[in-house]
Amino acid sequence: MPINDALLNVGLSHYLILSALLFTLGLLGVLLRRNVIVILMSIELMLNAVNITFVAFSRYSPTANMDGQAMVFFVMTIAAAEAAVGLALATTIFKKFREVNIRYFEHLKG
Amino acid sequence: MQAEFLFAILLLAPLIGFIINGLRWKSKNYLLAGSIATGAVAISFIAAVLVVMKLFGADAPKAVTVEYFKWMAVGGLEVPVAFVIDHISALMVLVVTGVGTLIHLFSIGYMSHDERPSKYFAYLNFFLFNMLLLILGENLLLMFVGWEGVGLCSYLLIGFWFSDKEKAAAGMKAFVTNRIGDAGFLLGIFTIFFLLGTVSFDEIISKVAGMPVEVGWSGPITLAALFLFIGAMGKSAQIPLYVWLPDAMAGPTPVSALIHAATMVTAGVYMIVRLSPLFILAPNALHVVAVVGAATAVFAATIGITQFDIKKVLAYSTVSQLGFMFLACGVGAFGAAMFHLVTHAFFKALMFLGSGSVIHAMHEEQDIRKMGGLKKYLPITHATFVVGWIAIIGIPPFAGFFSKDEILWKAFSSPLGHKGLWAAGVIGAACTAFYMTRLMALTFWGKPRFDEHKTHPHEAPPSMAIPLIVLAILSAIGGFMGIPHVIGEILPGHPGNWLEHWLAGSIAAPAGEAHGSAIMEWILMGISVSIAGLAALLAFSFYVIEPDRPKQWAARLPGLHRLLENKYFVDEFYFERIINPLVSGSKALWAFVDVNFIDRATFVVGDFVRGMGSTARTLQTGNMQQYALYISIAIALMFVYLLEGPKRLAELFGG
Amino acid sequence: MTADSLLFFILAAMTVGSALVVILASNPIFCSLALAMAMISVAGIFASLNAWFVAGVQLIVYAGAVMVLFVMVLMLFDLKDEVRAFSRGLVSGFFKIASVAVIGGVIAAAVWMSTETIFSTAPAAPTVNATVATKQLADLLFKKYLFSFEAMGALLLIIAIGAVALSRIEGGTHADK
Amino acid sequence: MLLSLIVFMPLVSAILISLLPKENWIRPTALFLGLAQFVVSLVLFAQYDPSTPALQLVEFVPWVPALGVSYFLGIDGISFWLVLLTTFLLPVVILGSWTAIDKKPKGFHIALFVLQTAMLGSFVAMDLVLFYVFFELSLVPMYFIVGIWGGTRRIYATTKFFIYTMLGSLLMLLAIIYLMFTAQEVLPAKQMTANILELYKLDIPFIAGQFLNPQTLLFFAFSVAFAIKVPMFPFHTWLPDAHVEAPTPGSVVLAGVMLKMGSYGFLRFVIPLFPEASEHYAWVFLFLGVVGIIYGALVAMVQPDVKKLVAYSSVSHMGYVMMGLFALNTYGVTGSIYQMLNHGISTGALFLLVGMIYERTHSREIEKYGGLAKVLPIFTILFFIVTLSSIAVPMTNGFVGEFLILLGAFEASMFFGSLAVIGVVLGAVYMLWMFKRMFFGEEGELVSDKKHPLHDLSLREMVVMAPLIVLIFWMGLLPNQFLQYSKVSVEHLVSTKDAYQLSIHTPQPESDAQLAFGMKFFKSVAQAPEAK
C-alpha cells in the first residue's frame, strides 16, 4: 500500500492500529507505574482501545451491524465497575499505608 | 478302658494342673499347689501305665494310636492331633511321668520357702504336658509343638527367679540356643515332608522302609537327618550348642533334675531313635552324630573335672552322658541309646535331687569348696548319692554299667562303629569316674570346710527323701532290663536282654555284620570297668587322701588347667565372635542402611522436589506487576505462535 | 488528504499523545487530566466512525463520571509528585517493555496482514441517520442483549455496595486483631 | 447389600459422632457403633459360602459408565478374614484408646471411622478404580491421626508416611489407566473397564528376561505401590517413624490392618493379573522377603525404643508374608493370609500393651525399665503371651502362619527357605532380649520410682486385651476353623494362577438363612475340625 494511499484513505486498519497503540501504551502503564490509581487509569486506556476496535469493526463490517456498539456499552459498564472497586481498594490500602504503591498489594495474600 | 479316654487323661491331667495352679499363681500355699501338681502327674503316670499295659500280651497291638481332630489341613499337608504309644514311647512316657512324679514330690519340700510355689508348680505341670506332647505326638509337627513347648517351659523355669539378671539371661540363652536347634528341626520337617509327603511317623517309617541306603552327603535323607540332628543338638546340648545347659542350672534344682537331666534334654535322642529307620539310611549323617556325640562326651567330661559348682559338675556330666547316647545313635545302637537314656534319667535325676537336698541343707550354697564332710549330716542323701555315683561310673551291677557298656561295645562292634569311637567313650567314662568321685569327695567326705557353728545342715524332710530312695533303687536295679547276652548266659536262668527284645520291632538296626566276639566283649568290658575304677581311685587319692595334690597338678599344668576351668573359653568365644559382632553389626546396619542410606536416598528425592519448588517459588513474588508481566509475555508468545511468527520471520529474512 | 482523514489523524495524535502523558507524568493529577483528554479524543474517534450515541455516552460516562471519581480520589489522597513513578528492576523493566513491544508489533502486523484480505476492499457500510442508528442500538440492547443488560445492572448495584463496603472496612485485610 | 452396609456403616457412624453435642458421649457412642459394625460383619459367617472360590455377596452398580468404572463389591476367601479382622480391631482400638487420646476426641473418632470405611472398602472393592479410591482415602485419616494425635516428631513422620505411600500409588494409578486402555483394545466388549473380573481375562504380553515389556512394567508399578505399603525391605523406613510417632490406636490400626492392604493387593491384583511376571520375578520378592526378615530382626534387636522395636518386628513379620505370597504355592499363600491375621492381632496387641505402659510412665526407652514382672504381674503375663505369639511358639497363632510360610518358601526355593529359618531364631532373640531387659532383673528407674508407683492393668485394659489373647490361642490351637474359609479360594488361585478367573457366585435363595444365622455360625464353628 503506497504511503499516500494510507494517508488519504482512512480505513479499518487505521483504527485498528490506533487501537493497538493505545492498548500497548495502556499495558506499559500497567506494567511500569507504581501508583495504583495511575495503573487503574492505564487499564481504562486499554479498555478504550478495545472499544475503538469494537466500534471500528461495527462501522466497517459489510452488513453494518450495531452489535459492536452494544458491546461498547458492556465494556464501559465493566470499566466503570472496575474503576469503582479498584479505587475502593486503593482507598483501603491508602488508609493503612498512607500511600497507594502497588507493592502494598503484595500484602493482600492470606 | 478306651484308649481315647486314657490318652486324654494322660495328657490333660498335667494341663489341668497347670491351669489350676496358674489361676491361683499368687497363692503361697506350697503344700496345696504341690499336691495338685504331684497328683496331676501321678494320675498321668497311672494312665500311662494303663495304656502301656495294652501293649503286653500275646496278641497285643504294636502301638496304641488315637486321633482327636485335624489340627491343620493345607494342601497336601494334613496334621491330625494324634497320639501314639508304641514300644519306644512307652518307655519314655513311663520314665517321664514316673520320674516326673517323684520330682514333683521332691519339689514340695524344696520350694517350701519360695515366694511363688503355685507358679512354679504350674510351670512344672505345663512342662510335663509339653513333654508328653513331644513323646506321644504321632507326627513330626506335634512333636515339634512339644519340642518348642518344653523349651518354653525350660525358659520360664530357668528364669524362675527372674529378679536376678543372670538367671533371666540364662533362661534366654537356653531358649535362643534351643531355637537354633528348632530351626534345624523345622528344616528337617520340611525336607521330610517334601521327600515323603507326610509328617506322620508311621507313614514316614513305612515309606522309607524300601528305600536304599544313601551313599553321599547330599541325598535328601542325609540332609533331613542332618537337619533333624541340628534340632537334637540344640535340645540335647551337643557341641556346639551345649552352652545353654550349664547356665540352665540357674533354675530351681528339681527343675534341673526333671528338665535338664532326665527328660527334656533327652528329647533329641528320643527323636533320633523314633526316626531310626530314616537315620539308618543315611550312614554319613550317623557318622556325624557319632562323632559329635563322642566329642561331646569327652569334651564335657573334661570340663566337669574342674568345676566347683555342684550343679555345674552335674550339668557337664549330663552333657557328657548325652554325648554317650548320641554316640550310641551314631553307631546304629538305638536300643543302647534308649537304654542309657532310661538309666541316665534314673541316676542323674537322683543326683540332681541329691544335690538339691545338699543345697537346701546348706542354705543355697552351691560351691563344693565350701562343703565337705556332709556325710554325717545328710546320711540319706549321702547313701542315695553313693548309689548314683556307682551307677554313673559304671560299676556292675548298677544301672549305668549295663547301659554304658552296651554303648561302648556297640561303638566297637557295630558295622557303623569304630575303635576310635570306643576309645573316646572309654576316655569319657574315665573322666566321668574321676569328676564324680571328686564331687563325692569334696561334698560328702573329708572334713567340713564350712563354719559348722553358723551353718547347720539338716537332712531332707520325707517328701524329699522318698523320691531319693525310690530313684536310688531304680538306679541300682534299672540296668537289669538290658542284661547283655554274654552276661545273661552265665547267670542262673539265662535272662535275655529284655529291652532289646522289647524295642526290636520298633527300631532299625544297621545293615552289616557286627564284628567282635563274646571274648572280645568280656575283655573290653573289663578294660572299661577297670579304667573307670582306676580313675575313681585316682580321684579318691587326689581329693580324700592327699587334698593338696590337685593344686600341685594344677600348678604343674597351668595352661590345661586354665583351659578346663574356663570351659575351653567357648562362652567367651561365642560372645566375642558371634554375639558381639551381631549386635554391633546390627547397630551399624541400622545406622548405615536405614538412617544413612535408605532415608538419605529418600531425602535426596525429596530435596530435589523441594529444590525445584523453591526455584519456582522465586517467580511467585507476590508482586502484581510481575504477574502482569508473565501474563503479557504469555500473550506475546501466544500471538507469535498463532500468527506463525517464526515462519513469517524466516520468510521475511530468508526469501 | 481529505478532511475525514485529517480529522482522524488529529484525533489519533491527541489520543496517543494524551495516553503517553498518562503513563509518563509523575504527578497523578496530570495523569488524570491527560486521561480525560484521551477519553474526549476517543469520543471524537467514535464520532468519526459515525457512532454518535456511543460517543456521547463516552463523554458522559468516562469523561464525566469516571474521571470525576478518579480526580476525587486523588484529591482525597492529596498526592504529591512521585519520587519514583516507575517500578524498580532494570531487567524486569526491559522484559516489560520488550513484551509490550512484541504484543504491539504483533498486533499491528496482524492488522497489516489481515485487513487486506478481510475488509480493506469492503467499503464502509452506508451511513445511516443517527436517530435510526440509536434506535437500532436500543433494539439490540433491549431485545437481543436484554439479559446481559439486566445482568449489567445487577452487577453495577453489587459493585456500588461492594465499593462502599470495601472502603468502610477498618484497616482492610490487615485489621489489627 | 451386606457389604455396602459393612463398608459404609463406619462412615455413617462418623457422621453420627460428628453430631454429638457432648464430649463425654463420644467414646461410649463410638464403642457402641464399633461393636455394632463388628456384629454386622459377623453376618458374613452366615452369608458366606466357603465351599466355592467364586466372588460372593456381589454388588454391582455402574459408576462412570463411559470409563467402565463401577461400584463393584464382592468378597472371597482371600478377603474374608481381612474384613473381619478390620471390623474386629475397631472396637478394640476404641476401647484401648479410651484414655490415651485426651485431646479432640471427636475428631479422632471421626478419623478412625472414616479410616475404617476406607480400609474395608479396599478389601471388598472389585473395581480397580474403586479400589484405588479407597486405597488412597485411607491415607487421609491416618495422616491426621498421626499428625494431630502423634508424638513429638509427628509432622515429620506423618508427612513421610503420606508421601511415601502416595508416591507408590501414583505408579499404580498409571498402571491402572494402562490396564483400562488395554482392556478397551483387547477385550471383546471393546469398552474401557476397571472391573477386575474382566481384567483377569487380559493376557498381557510378557517377555522373560526383558525389562521393557508391558507385563513386567505393570507388575513392578503395582508391586512398588504395594511393597511400600507392606512395607518390604528397601521401602520400610517410613514405618518405624510412623509407628513411633503415631498414637497407640493409630499404631494398632496401621500395623493391624493398613499394612495388610499392601499384601492383600499382591494377592488380589499382582499375582492374578501378572502371573508370568510374578513367577519370573518371584525370586526378587523371596530375596527381599528374606532380607526383610533378617534385617528387620537384626535392627529390631538394637532398638532402644520399645515401640520402634515392635515396628521393626513388623518389617520382619511382613517379610514372612511376602515370602509366603511369592512362594506361589498353597502352603505359602495360606500361610501368608494366616500370618496377616496373626500380625494384625499380635502386633496390634503389642502396640496396645506398649501404649498401656507408656501411659503410665511416659517413656518407651527399654533401658529405663527392668523388673516390671514383679510390679505388674498381669501386664507381664499378657505381654509374655503376646511375645510368644510374635515369636511363633507353637500353640499360638504365630506358629501356624510362620510354619506354613516357611514350608511354602522351602518348597519354592530351598535356599531362601533355609535362610528364612534364621528369622525364627532372630525373632526369639530380639523379643526375648527386650522382654528380659524390660521385665526381668533389677527394677529400673521408672519402675522403682516411688513417687509414681505403677498400677497393674485396669479392668478396661484387661477387657481390651482379652479378645486378642483368646484369638491368639484359638487361632493357634484350632487353625483349621480359620483356614477352611480361605482354603478353596487359595487353592483356586494357586492352581489356576496362569489363567486366573473369578466367577460370581449366585446363592440359592435361602429364606431361613438370615433367621438362622446364629445357628449356622455356631454350626460352622462346631463342624470346623471335620471340614476338609
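Note that the chains take the letters A, B, C and D in the order they are written out, and that residue 1 is the start of every chain.
One rule holds in what follows: a contact is a pair of C-beta atoms (placed from the backbone, for glycine too) under 8 Å apart; a residue touches a chain by one contact, two chains touch by 3 or more.
On a predicted model such as this, the values are computed, not experimentally measured, just so you know.
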Steps needed, at fewest, to go from chain A to chain D via touching chains: 2
By mean Cα position, the chain sitting nearest the middle: D
From chain D, the most remote chain by mean C-alpha position: C
Distance from the mean Cα position of chain C to that of chain A, given in whole angstrom: 4
Whole-Å gap separating chain C and chain D, where each centre is the average of the chain's CA atoms: 67
Computed distance of Cα centres, chain B from chain A, in Å: 97
Whole-Å separation of chain centres (CA-atom averages), chain B against chain C: 100
In chain C, residues with contacts to at least two other chains: 87, 96, 99-100, 103, 107
Multi-partner residues of chain B (at least 2 other chains): 625, 629, 632
In chain A, residues with contacts to at least two other chains: 27, 31-32, 102-103
Inter-chain touch pairs (all): A-B, A-C, B-C, B-D
Of all residues in chain D, those that touch chain B in their complex: 160, 163-164, 234, 236-237, 240, 295, 298-299, 301-303, 329-331, 334-335, 371, 373-374, 377, 388, 393-395, 399-400, 403-404, 406-407, 410-411, 417-418, 421-422, 424-425, 428-429, 432-433, 436, 439-442, 478-480, 483, 487, 491, 529-530, 532
Complex interface listing, chain B residues touching chain C: 625-626, 629, 632-633, 635-636, 639-640, 643, 645, 648
Touching residues (chain side chain A, partner chain B) in the complex: 27, 30-32, 102-103, 105-106, 109
Residue ranges of chain C in contact with chain A within the complex: 1-2, 4-5, 8-9, 12, 15-16, 19-20, 22-23, 28, 31-32, 35, 38-39, 42, 45-46, 49-51, 53-54, 57-58, 61-62, 65-66, 69-70, 73-74, 76-77, 79, 82, 84-87, 93, 96-97, 99-101, 103-104, 107-108, 111-112, 115, 119-120, 122, 124-126, 128, 133, 136-137, 140-141, 144-145, 148-149, 152, 155-156, 159-160, 162-164, 166-167, 169, 171-174
Residue ranges of chain A touching chain C (in the complex, touch as defined): 7-18, 20-29, 31-35, 37-38, 40-42, 44-45, 48, 51-52, 55-56, 58-64, 66-67, 69-70, 72-74, 76-81, 83-85, 87-96, 100, 102-103, 107-108
